[in-house]
Structures are given as C-alpha cells and as structure tokens.
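What follows is chain A paired twice: with chain B in the first complex and chain C in the second.
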Partner chain A sequence: MTAPAQTDLVTVVIDGKEIAVPKGTNIIEAASRLGIEIPHYCYHPKLSVVGNCRMCLVEMGMPMIDRGSGKPILDDHGGQKIGWMPRPAIACATAAVPGMQIRTTTELVKQCREGVMEFLLVNHPLDCPICDQAGECRLQEFATDYGRGYSRFIEEKNVKPKRTRLGPRVMLDDERCILCSRCIRFCQEVPKDDVLGFVDRGSYSTLTCYPGKQLENNYSLNTVDICPVGALTSTDFRFKMRVWFLKQTPSIDTESSVGANTFVWAREGKIYRITPRRNDAVNDTWMADSGRELYQQVEAEDRLNACHASGKPVPAPEALQAAVALLKEGKTAIVGSARASLEEQFLLKKVARAAGGAPVHLVAHTGEGDGLLVSADRTPNLRGALLTGLIDTLPPASLEALGAAIDAGEVQTLVVVREDLLAAGLTEAQLERVRIIHLDTHRRPGLERAAVVLAGLTVFEKAGSFVNQQFRVQKFQKAVPGPGGAAEDLFLLATLAAELGGESMPSTPASVWQAMAAEIAAFRGMTFAGIPDDGVVVEAGRLAELPFVEGESLHYKPAAEAAGV
Partner chain B sequence: MAKVIPRKPLTLAERTYLPQVLGGLKTTFKRMVSPNVTLEYPEERPVIPEGYRGVPTLVKDPDGREKCVSCQLCEFVCPPKAIKIFPGEIPEDAPTAHVEKAPRDFQIDMLRCIYCGLCQEVCPEEAIFLQEIFSVTGYTRSELVYNKQKLYELGGTLPDRHFKWEKKRQAAERGHQH
Partner chain C sequence: MPVQETRLIFKHIDAAGYTNDLDCYLRHGGYEILRKAVQQKPEELCEEVMKSGVRGRGGAGFPCGMKWKFLDRKSGKPIYLICNADESEPGTFKDRQIIHKDPHQLIEGILISCYAIQAKTAFIYIRGEFPEGARILERAIEEARSKNLCGDNILGSGYSVEIFVHRGAGAYICGEETGLIESLEGKRPYPRIKPPFFPAVLGLYQCPTAVNNVETLCHVKHVIDMGGEEYAKIGTPGNSGTRILCVSGHVQKPGYYEFACGDLTLGQLIHDVCGGLRPGRSLKAVIPGGSSAKILRAGERYTGKLKDGSSFDWGLEDIPMDFDSLMAVGSMAGSGGVIVMDDSTDMVEALANINAFYAHESCGQCTPCREGSLWMKKITTRMSHGQARQEDVDLLGNVADQIAGRTICAFGEACSWPTQSFVLKFRDEFLNKARAQAGAASTNGNGAVPLI
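Right after this comes the complex of A and B.
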C-alpha cells in the first residue's frame, strides 16, 4: 500500500530504528508506531500534555553541528556524531524534530523508571485484592515491567481519604491516586466542567472536588476510564466483577445518532459494563455516561422473553405463522424504527413490499444535543432508514397520518417495530381498531393486546450495523446470547418477507449485506465482514442535504454549516 | 509379520508348583504374626499428616473478621472451575468498613473440586485453606455446592501472622495527625 505523499514528515531514530512521523508528533506516539512502549501515566493522546508523572523519561540526542562552520561533526566511522543530552527528557512533551535520536533501553532510562516507580509506590496502599482496577492497572503493569521488584520503604505510608463520593457515578480513593491529573484535564478540556483539582502540598497532595460541587456531568465516567490506577471507580461497576473475567465485544452506543464506538464487557452471558472504544473520527476515546447504562435493558423487568400469539406464549415459528396469516389479509401499514439495524430496515422494506406495498411510517425521537457525543436525534440509525429506502423524507415526531388512515378504516393490520405508539400520538381507541403485530424487545404501553408479539433481540444480543450522523456505517457484534423465547430480528423479518413474497430471503448480516450491496448504490461493493472496526463513510448523495436535526458535535458539523450557509 | 518367541520348558521344581506354594505360605505366616495395620474406618480415624489437602474452607481471623475480600483470584485459578464468588461491598457503618469488600456469597462445588490447593496458594488474604476434612457425602448434587455459611462453619478460625487490615485501620487513625 502506498501512503499519500506527506511533505511535513520528520524522521527520528528510536533505539536505532528510523521512523517518519508528522511534524509535532511526540516521542511516545512515534515510539508506539515502532512497537516500542514508553511507559507513561499522565500523558493521554486526547488531552493536553502536562508532563508531571515523569514515567516517560528517555535519553535524547541530536546530530552535532560545528557552530562556526555549520558543518556536521563526524565521528571516527564517518557518521555524524550524536550529542546526547546529559539528562533524560520526558517523551510526552518532546516533539519529534529531524534527526533526533532517542534511546529507551539504556541503564539511565532503566534507573529513571525504577526511581519513578519507587516514588509512586511509596504511598500507594497495597489494595490490589479489593481494587477494581486490578488487571487493567498501569501501576501494576509498569511495576512488574519496570519496577525494582521489592520495596525499600520501611516508614509509615500516608493516609488519605478513602471511599469518597465525587458524584453520583464516581467514587474516589485518594490513597491510590498518583496525581497524574488526567481527570482534572479531562473535566477542563472535554465537558468543560472544571470541578476537580488538587489541594495540599507535597506528599499530602489530594485530588478533590470543588466545595459544594459534584462531578456529575454526563461525561464523568470517562475520568474512571482514563484513571491509570484505581483511584476513580464507577459506582455502578464497583465490586461487581474482576475485569479479567470479562470479554470485550465491539459495539455501538444506541442512545443517539452520534454512534459512539463502545466495548461491551460481559461474562457468562451477563453484561457488566460498557466503555468507549477509540475512534478518532467519531468519539475519540470518550462516551456519555447515559450510554453506559443501556446494558440494563437486557435484563429489564418489561423485557419480552417470549413470542405471543392471541395472548399466549408460543414458539417463534407459530407466532410467525399467525403474523403471516394476518398480513395476507391485506390493508397493512407498518411503523418502522430508526432504532433497528440497517439489515433489519432493509428486510422490513422487503416485508412492506411483499405485503402489497404497505405504507411505512417512522417516528422521529429528538432531544437536546449536548454538542459532544449525544446528538439531538436520539435514534442510532435514521440515516440507515433513508439509505435502505425504508423512508424517503425525514420522519415526523407524531404519527398523525397513520392515525388518520386508521380512522378512515384504511388500515386493518399494523406492524409495529420497536416503537411506543401511544407516545407517538396514536390513541388507545385507534389501536383497538387495528390488529397489531408487534416486533420488539420490551413491552410497550397500549400494545398489551397485540394479536402477535414477536420477541426480538437488543443490540447486545445480535450483530448488525448502524449508520451514524456522518453517514458512517459502523457494525456491532453479539456480546451475550438473547433470552430463550426471543428470536433474531433478522430471522423474524426474513421469514415474514419470504412467506409473503414467496421467495427466499437472507437472514444473517453477511447475507443481507450481499443483497444490499447488489441493490443499493451507496453500499455497492461492500460486505459485512469488510466494514472496518472504525466504520466506513458511505456516499449519501442528495440525502446529505436533508434538514437533519443534529447540531454541531464532536467531529461532526451539520451539512448546511459545513457548506458555509 | 508374526514373530515366534520360543517358550522355555518348565523345570522339575516349577512343574511341582511347590516353590510357589511355599513362597506364598511364607508371606501368610509372616503377616499372621506381624502387628495389625488395618484401620477400623469409620469407627477409627486416620491421623492426618501436616500439609494434608482436604476440603477447602473459608477461615476467620482471631478477631472474628471474615478474611475473604472476594478478589476472585481463587475463582480464576481453580482448574475445575469449582469456585463461584458473588462479590459485595461492606456497608460503611460496619466495624470492618475499612476493608470495603467482602463476598456476598461464596460457593464451592465439592463435586468439582480436585483438592489441588491452588486456591490456598493464590489467596492474597490467607482466607481459604484446605483443612483436614476428607469425607464429603450428600444425597443431592445441590447440597454438595457449599455456600459461604457452610464454608465458614467448616473453616473456623485460624491464627493470623499479619493482621494487615487491623494495622491499616490503626494507621488511618494515626495518619491524619500530620
């Protein structure tokens, strides 16, 4: 593969290996491209550099030049002599300049790291058995990799407050804190909610919250993620499960059209937490706290655990037969969903076509955008519905047109996918006039009397893809198995479409993508497996000019603003 | 290809069987007069040697504090996956609140346990010990999954060399006077 020509590359030599990096890249990032790890605590790629942990000390040198003549000074072998700095430099605050030489394996660097580790561990409590960070703790990792292996400290350790509540979702253990100030910088720079700071001096320095305030913004749990030690812990995840038991599955945050990339951490079919997954084009390394609670819907009280037909729980095939019988009678209308995956929307369109060209309605769910990672459109996949052709205009907030059609007696059977019809403006009287086929994960008010209930899966229990506000197709994978009585949404929709239309339908993400790539111009040549982990932006064409509700957010500008209107 | 191994013909002594019969009788008479080593189990119980690995149990320290902090290392290391821990938080008004973490429940499936002792070896709090109990019986599978209460009953109290958490509590009381 040829990289595009870049003129502002500088070449540095790290441990004898050359690497060309963009100008301004620091040494930690340059070394990581070579696969060389420079240990660090306070440096974070998405935050400002403070250089207060001193863990990333390396030896630095520059090619020597004779000041008088400006000619390079040569050594005995004819190469340019390197002038090594007498003292080590911190790699995080050192930008690469042409010809720079870095050594990370020398005795001096080793002693620096041992010294820094020893100081960091001086007042660190040996809390590992009860610390939630154990297993993903940088202090544990670097102590084994770069520490001296035993303690020379015989004095008494400092005592600081433990079990302090910083906010509704974050707990602080000051003894574990190594004063890297990542959390402070995060609060200042990302959510712009400057509530954290250090008080006291020397070894009594303590992280604390501004008096009378709380760390309660909707991004507070990111401080827990970036805390390199166990000082900040999540009250929700605290003491629930050790991280080494948990398996990570890449997923997508469904709370809004931002589509923040996430990891779902599960063990034995139970989800314990959701954390952000780095995607520099979407969410950097952050996500909103509200999106981390979404896993609770999996075991919610009102979860649909079985398919129903005429009020009785039945196996999925029987419920599907009942649904097909209803749909064959005609006069069908469909309420689709921007919460369904791209594949499901594609198959729902097939169902609509097979059911005699049934009209498809969608409901818009909007809220206030916070300008960061929660946008005004509170559905993950509205653009998917447009791309698949399920709808061709932006959906209204209420289903007045459908209500009028029901009142006029034009609708006999109503297919509802993941929507609350009462909240969307239909009345109970209107719902009683139609027979309802309800495909959902949770019970909805007003739909208790649905003729057929098809129990589907949540985003954590299936694979698929969403199209976010940037028209970026992002896929999510199955993290846990679904409840026994539920069936894959794709299987349910494919069966409906196949039974009605008489032709076989694809029912897995991979095979649905084959069909979509063949039918939809924007997806031509794409496969499900071929979508990279950080997603791929598709050509939206005229759809991009629709008046979407989203305002500006992290890495997103509305089309109108981007065009300078 | 079959290989033929010639069998040596028996000697006269072997053909009479007498040396073998006498050899057997020698052992019989020797055992008849030697001291008896059989144990009348279960009325009589064997002496359990030191370091014996019996049933794994949970122990309390001499102050009666439950030592397990549910770090789940034993659950992780257990080769037959016999251990299942449900971690929990110690309430802030409890006398041992400074320990913060304790198991809500602790289950060991004795039908799975292979008495390898890795849980005892890995425990950073010296809270689980394989003690002298070796006879485990029950009528159902479920009653052989020992819960936390049963494990503490079997384990009892063992002497402690460190009193790690008590020292930590004392340090916290002293430590603020700087």
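Right after this comes the complex of A and C.
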C-alpha cells in the first residue's frame, strides 16, 4: 500500500467548526466531513457541477482586507472581520479557500431551502404511494427535513408524459423529474453516450431521449441510481418491492476482473436488485447493467439444487464419499476456475496436492473490454489463482494440454470446478475416457456424464474474496441462503482435501485466511475480517508484470503489454 | 423649457436622405475614427474607454472599461468580442434602430473595440426575431470587407479581424451573456455559474470574452473620436454619455429619444418630449428601464442620499433619467425601456402580462426561477380571471422573494422585481380586486366561474 499523496490543505470554518480539507474541495464535501449535511439534488461527487437545483445555498463570508493597505480589518475582539456576501452561494460550486466562513443554520439558509423545496414540489405529482423511489427519495427526505410541511399551491399542476420508455431497462416519468440533469451529465461524461437532453423551456422543460435513439448503453441503469427522485426507474425492479423492506449486503460484481463493488438488495431469501457501492479506487459510484442481472442466476431454471452420484440425487456427504473414492484411485487432473473465490482456489490447490500433486489446468474467459467497468478478462479472480499458486502462468484459451494428457492415458479422474469442458476445447471422446467430479452451481452441457456432481453456491449465497485486476483483495458477503441440496464450496473442497490428505482443513473464509496468511507472502498479516470495505491492494511482485489481457478501465492501467491485443 | 435631445448615436438616424449603405456612411465621415484608431496602441484605446466611464447599455450598467480590463490576457488564449444584439427586454427598441438604420456605425464600433482588446474574431449575436436586421448586418459586413475595413490586414495596419453574424432562435435568455455564449457554442442557452465561468476569463469556447451591447459598442466609437475625458463631460459624473430612451405606453408620442444622461427628468420626458398623457388621463405608474425594472408609482416621494453625498427629495416626475438616480429610487435604468401607464391601467392585469412573459422565457435550468415564474404567472392570471383571493397578494410577494438573489443568472431578479414592486406599491388595488371578486362570487351563489 502506498501513502496518499500530500496535498495542500486549507482550513475553512463551517458553522463555527474548523476543518482542513484539500485545496479545491467544495463546501458540500467539506461540510460532510464535519458531519454537517448540506442538502443537494443536482450535485454528484462524480459528475461535473452545474449548480441548477439551488438546494445547497449557504451563506459565505471571507476575512476582510483593507483594499488600500492590504492589512486585515479587525473586529472588536481583535479577530479578523468577516465580510458576509449579501447573497447566498451554492455550496457545490464553492471551493474551499483559506479563511472562508460558511453558515448553514441561519434564517436565510433556512428560507432558501424552504423556498427551493416548495418550488420543487409545486409541479411534482406527489404520487409517492405508487412511486418506486419512495423510501429512498431525496424529495421526500429533504421535504421532511427542510420543507415547510404545507402547500400554498392551489393552481393546476403541469402535465407531462408519465410513462416513457427511454430504453430497454429505464422508464421515465417526466412529471416527477426535478430537472437536476444528473442523468444527462452521466450519459455525457461516463459512458460518453450523449442521448438524453431537455426539450421545451421553463417549467415545461421535459427530459427526453434524442429522436430515434434509445438509452441502451450498458451503463443506463446508473441513471436510475443517481436520479434523486422517482423520474427514472428500472424496468426490472419497478413495482416489485418497497425499498425499506430490503436488506443491503456488500458484494462484488463477478462479470469481469474489474470487480465493481456492489450492494445486493434482498428480502426473505430473494434478491430484488443489485446496485453499485461506492469505491473511488475501483468503480466510483457506477456499475454495468450486465452485472445487475447476475442475481437472476440464483433462481435460474438450470440451477443445481442437489448433489448427484451415479446420476442420482444424493446428500452432499454421500456425494463427497463417492468423489473421495474416485480420487483415491489416482491419475487425477484438475480444472480450476478463475470464477472461484480466493479461499476456494486455495483449498483446490490443497486438493491437488492431496491427490498426489494432480496437475491443475485453467482456461481463460475473455471478451471485449469497454474501457470502463467491464474488462476483457471475464473472470473475477484470475489474480487470485495466481496468488494462491493454483496456476503460475496466464491460462490458455482452451484445455488443449489436458486433452492431450487424456489422449495419452495419463488422466483417469477429472475434478472440474465451474467449467464447461466441451466449450473449453475437450471432445466428447475425451470426456468418455475420464470419470468426472464436477463442482458447479448450474447444469452445463455434458454434466449428466459426471460421476459425481457437487452442487455449490453462487456468489450471493456465500462469503469470500476476489482479487481484481489491480491486485486488490475485495470481499463479498452472503446475501441469501443457497438451495437446500447445495453445500458451501469451501466445505466441499475442504472435505475432499482432508479425506485425501488425512489432515484437517479450514472450511470458513476466516479460517482459510489464517492458513493463507501463514503460507502466502502476499497475504502475510491479513485476516478476512480485516479486509476493509473498499478492499486492499496486495504486493503482486513479478505477477504484476504478466501480460494480462485487459486494456485500460476506469481506474486501471495495464502494467505490461497485453497478449494478443 | 423643453430639453434638447443630444443625438450622438442617433445623429443620422431618421435624417432625410440617410441610408444604411456604406457609401452613405462614408460620405458622413464613416470609418475615419477606425482609421485613426488603428494607428494608436490598443492599450491607449482601452485607457480612453476607461476614462470615458461609459457604462453598459444592455441593462446592468457595468462600466465598459472595467469589463475590458478584466479580460484574461495572460492565458494566451484568443480573446473574443461578442456584440449582444439580442434586444429582448419588453419595452426596449433602440438597438434595432441602430442595426436597421445605421449598421456601419455598429460595425465601426465593433472593429475599434476588437482592435482595442486585440480580438481577432467578433460575433454579432442577433435575436431570431430580427431577420431583416441580420440581413442588413451581413450586407454591411460584406461592404466593409470589400473596402478592406474588415478582414485581413485592415487598412494596411497589419491587424486582421473577422465579424460573424449569428442569429438566435428566439429566446429572451440568450440576452444573458453566458446564456448567449452557450447558444453561440451550439447548446441550450443555459446561463453558466459564476464563479467560475466569468466571460472575461472563461467565456466563448472557454476563452476570455467581452460581451457588449449594441449601443455600448457604438458609444466606444464616439469615445475614441472625442477622447475619453471629453466624452465624460456629456452627462453627469458616473453617468457619462448619452442615453437612448425607448418610451412606450400611454403617452401621446411614444418612440426613441436620445439625451445626455441626467439631462432630463422623467416628468420632462413624459410631458415635454412625449407630448404628455392621453387627454383626460392622469399618470399612474412608470417602469423606467425595461419590464424587469421595479415599477415607480405616481405620487410616491423618494428621499435619500446619492453617491456624491447630496441628498434628494423627488416626486416621480422629478427623477433624473440616469443610472445612479434610478438606482437610488429603488429601480434601474436597465435597457432604457420606459413604459408609461395612466389611470386606465389595471395593475393586476399589467403584472399578469409581465409574468406571462417571464414564465414563457425562463430557461428552466434552475429551480426558483423555473418554478417561481410559472407559479406567479398562474396566480396573476387567475386573479385577473375573477378568482383572486386576499391571501394571493402576500403569496405573490413571498414567491417572488424566494426567487431573487438565489438563481444562477439575473433572470431571477428580472422575473421577481416586477411582482415584488407591483405588490408592494399597488397592494390596495390587488386586495380590492380580491374583495370585489369575492363579493361577486357571493351574489351569484355558485362561486366564480372556473377557468376552462
């Protein structure tokens, strides 16, 4: 880990409290460090500042200086006199400068907030009972905290389009829109897909999509996240669940090696949505739409709900016994996975060693990177496989070497973790020649051929950690329980290793981390509980110089020339 | 004794035989001042403009010399000059006269100003409703180019400058300088936040930019002609030069008149210059600087102190028509649009009319102005349609108070000042209206007829 760069600090006084912040920090951020909330709608820490909502108006003053002499003007108590600006200033566009004074609790500020709240509500439909945003709506929250609490508006409200499909995943209700322009700026500045804009003017201004285009880029749902009101809603989540019933669990997006931080929102064992979790070093406050759909795998049609042995569903211990019996016959090879967690990879390595030093094969999964939060490496944990020593070189695109070994009769039993062997380049004939122990979460082509099927858990049903493209260890927690017939992957692997090797194996993330910290230099001194919410970058040594396939992404620059790109 | 007009800008306008082509302009000594100016150092010209004290004629009355001084010359970025010809303030019609009848005066003013601030490119942003004006300017620029008055190496001075005419699409907000710049860049004319986007530093294409009104740029020509100090002798200290007043409303001879600043009072303007009110009518109110200026009510007394320390005690008709005096009485000289109302005027309807304009023209970017302007319009429209309530009077005032001073641009003040001043000064009339309507409602027993 490297120390944060030294920056110039400036001291400002907010409501009488001093705070030192880096030069250029705006007053909303400076105040939040003091625990002072300055309400805002249009300001978003990761977007440009436009200052249009006027909710963050505060009083601002500067130490007075005599223009003639350049000397400070002092007040009666000998302190420097503060020249308060006659007009309120927007905190979002006001950068901290030395000596600046801010007041957020005065009568003027109170009136400003009441005024803006009233204005925002006069043409708002107030349809909270049927609005998805209710419960996480800034309009509701600030109306309660800073509004007057009653309405003086007796005129007819403006009428605007209520149900506009902006794209496949986003629905727009223009009457609820407060015209903060966050969604427009997001589309311009992050995915660089400038399709949203306002038409008409004044109070009749209407958010709309460019004629003939759609909001269909892979980041479109971020507009729903940043919409402070219920104007933009997700077509997937819409009308499904009240947000106050949902429990948030921190997790990681597994669709690529970026490892965007997420929250999984669930109630009573069912996941309703996935949203990004802020991590300024990885995904800022964004995530791809594709990663949000991954929760659907939990209840997918092809989900493995039970372990199998000889084609029949059996309890996990029975399946494990069958697997151990096969493994004891020797001539084992292993197909590992960069989709497995760090802890699972560590235990799989133990299985390989206990099975007489079985060779471990891994296959690469690549796609096109989008330069943002979906990278070319479509597995979440390739770096983990390298760090745990499961593999020591970058994986090839197919299992050709394993195929050759099977053809040469060197392999009798194959342990497969989360891999489609046919898609990875093995032939039907090759599969006929081996007995397969397959650990997976979903049915795959050819799975019926497996001698033993071990049903594991998806990322949402267990805890663990991944190492992303920056060699940042990030953990995920269990959001929902898995299917009754499935077992913890760690338990399955630990049992295999223990039964084969004759020594006991750790089978929880915390205990596996104890073993990893003892054995692996990069993890020395670390514990599972000690991994911070935003992850921790570990020393990768020579591994960092491998020619990984990823190009640049939001917060990642490749160290070495990528292979074949 | 009737006051004499001092025609500086309008010297030739409406003169018999004066046409808007280059030949005519040259016959009347045109472009001689430009010829003289390009021989001088640019800094000297800026110094003359500073000394002249000429204030912006667009509305805010900011000294032109200061505006130019603030231009960021250290950045090394090109400097742009924009001529704001988006004359949109209701009650104002002076720039159109200049553009239509003496376009070369404006172009000479622009060329001199460009040379003074060393701008290589100038834009004339003309409002969409002036198609003829745009055509005239295009032609005038071509004429000037043909005589090497504009374009490369003008008059052999080694200095090159291009002028482009850009037509707006018909939005009041494009008269706000940063809104204008956005529009010129091809975007929605959403005014920019200041700080950081002061045009003098981060203007057009994020380069230092001077935005001046048509009349102001014409004044620059005369400043350079006469010399700053000489020019400053016209008018009163702090209010130098002449002022074009556009008088509309209930007077016998509405029109445009040019006077030395402070030379005449509002009473003289109405009674001597404009021929007085219609027969049998008495003065009720005057909006002295375009529809956004605060209204002045007949019969009011204004007392206080001027900048120079002298105290004043004026009735409405005693107010001198200059920047500082109008500010001292709580209104502004604005864009020079004087709107006169006699006792036949229904103030509620007059305000409803003004509010309808501002609600229609609010750009919609920031909350208070966007929502407040339409709300005020809805209230005043309802009041003038027979459904006024007593509490509407205070409500109107309070809504306006929630806008002014809290918006991105000066439109917030522009749309709230009329309501604030009407409600304050004609409170009785607003209340009476509500009372009368409540009475009418009770007699027919069914309440007022609802609006469609």
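Some notes on this structure:
One rule holds in what follows: the second predicted complex is superposed on the first by the 553 of 565 C-alpha atoms of A that agree within 3 Å, B and C clash if a C-alpha of one lies under 4 Å from a C-alpha of the other, contacts with A are read in each partner's own complex, and residues count from 1 in each chain.
We take it that a residue touches a chain if its C-beta (ideal position, glycine included) is under 8 Å from a C-beta of that chain, and two chains touch if they have at least 3 such contacts.
Keep in mind that what you see is a predicted model, and the values were worked out from it rather than measured.
In the superposed pair of complexes, A:Phe245 makes contact with chain B only, with no contact to chain C. Applying the stated contact rule after C-alpha superposition, one finds that A:Lys71 touches neither chain B nor chain C. Judged by the number of chain A residues each one touches, C leads among chain B and chain C.
In the superposition on chain A, A:Lys213 makes contact with neither chain B nor chain C.
Look at A:Arg33: by the touch rule set out above, it reaches neither chain B nor chain C. Of the two partner chains, neither chain B nor chain C is touched by A:Arg433. In the superposition on chain A, A:Lys557 contacts neither chain B nor chain C.
When the two structures are aligned on the shared chain, A:Arg87 is found in touch with chain C, with no touch to chain B.
Looking at the shared chain after the overlay, A:Arg165 reaches neither chain B nor chain C. Of the two partner chains placed by superposition, only chain C is touched by A:Ile178; chain B is not.
Contacts of chain A with chain B, set against its contacts with chain C after fitting on chain A, overlap at residues 156, 158, 204. Those residues of chain A lying in contact with chain C across their complex are 49-55, 57, 86-88, 90, 93, 111-112, 114-116, 118-120, 122-123, 152-153, 155-156, 158, 178-179, 197-198, 200-205. Remark: chain B residues 69-73, 75-76, 87-89, 92, 97-101, 124-125, 168, 171-172, 174-176, 178 touch chain A in the complex. Against chain A, the residues of chain C that register as touching in their complex are 171, 173, 188, 190, 193, 195-196, 359-368, 370-375, 378-379, 382, 395, 402-403, 405-408. Those residues of chain A that touch chain B in the shared complex are 125, 128-130, 134, 156-159, 162-163, 204, 238-242, 244-245.
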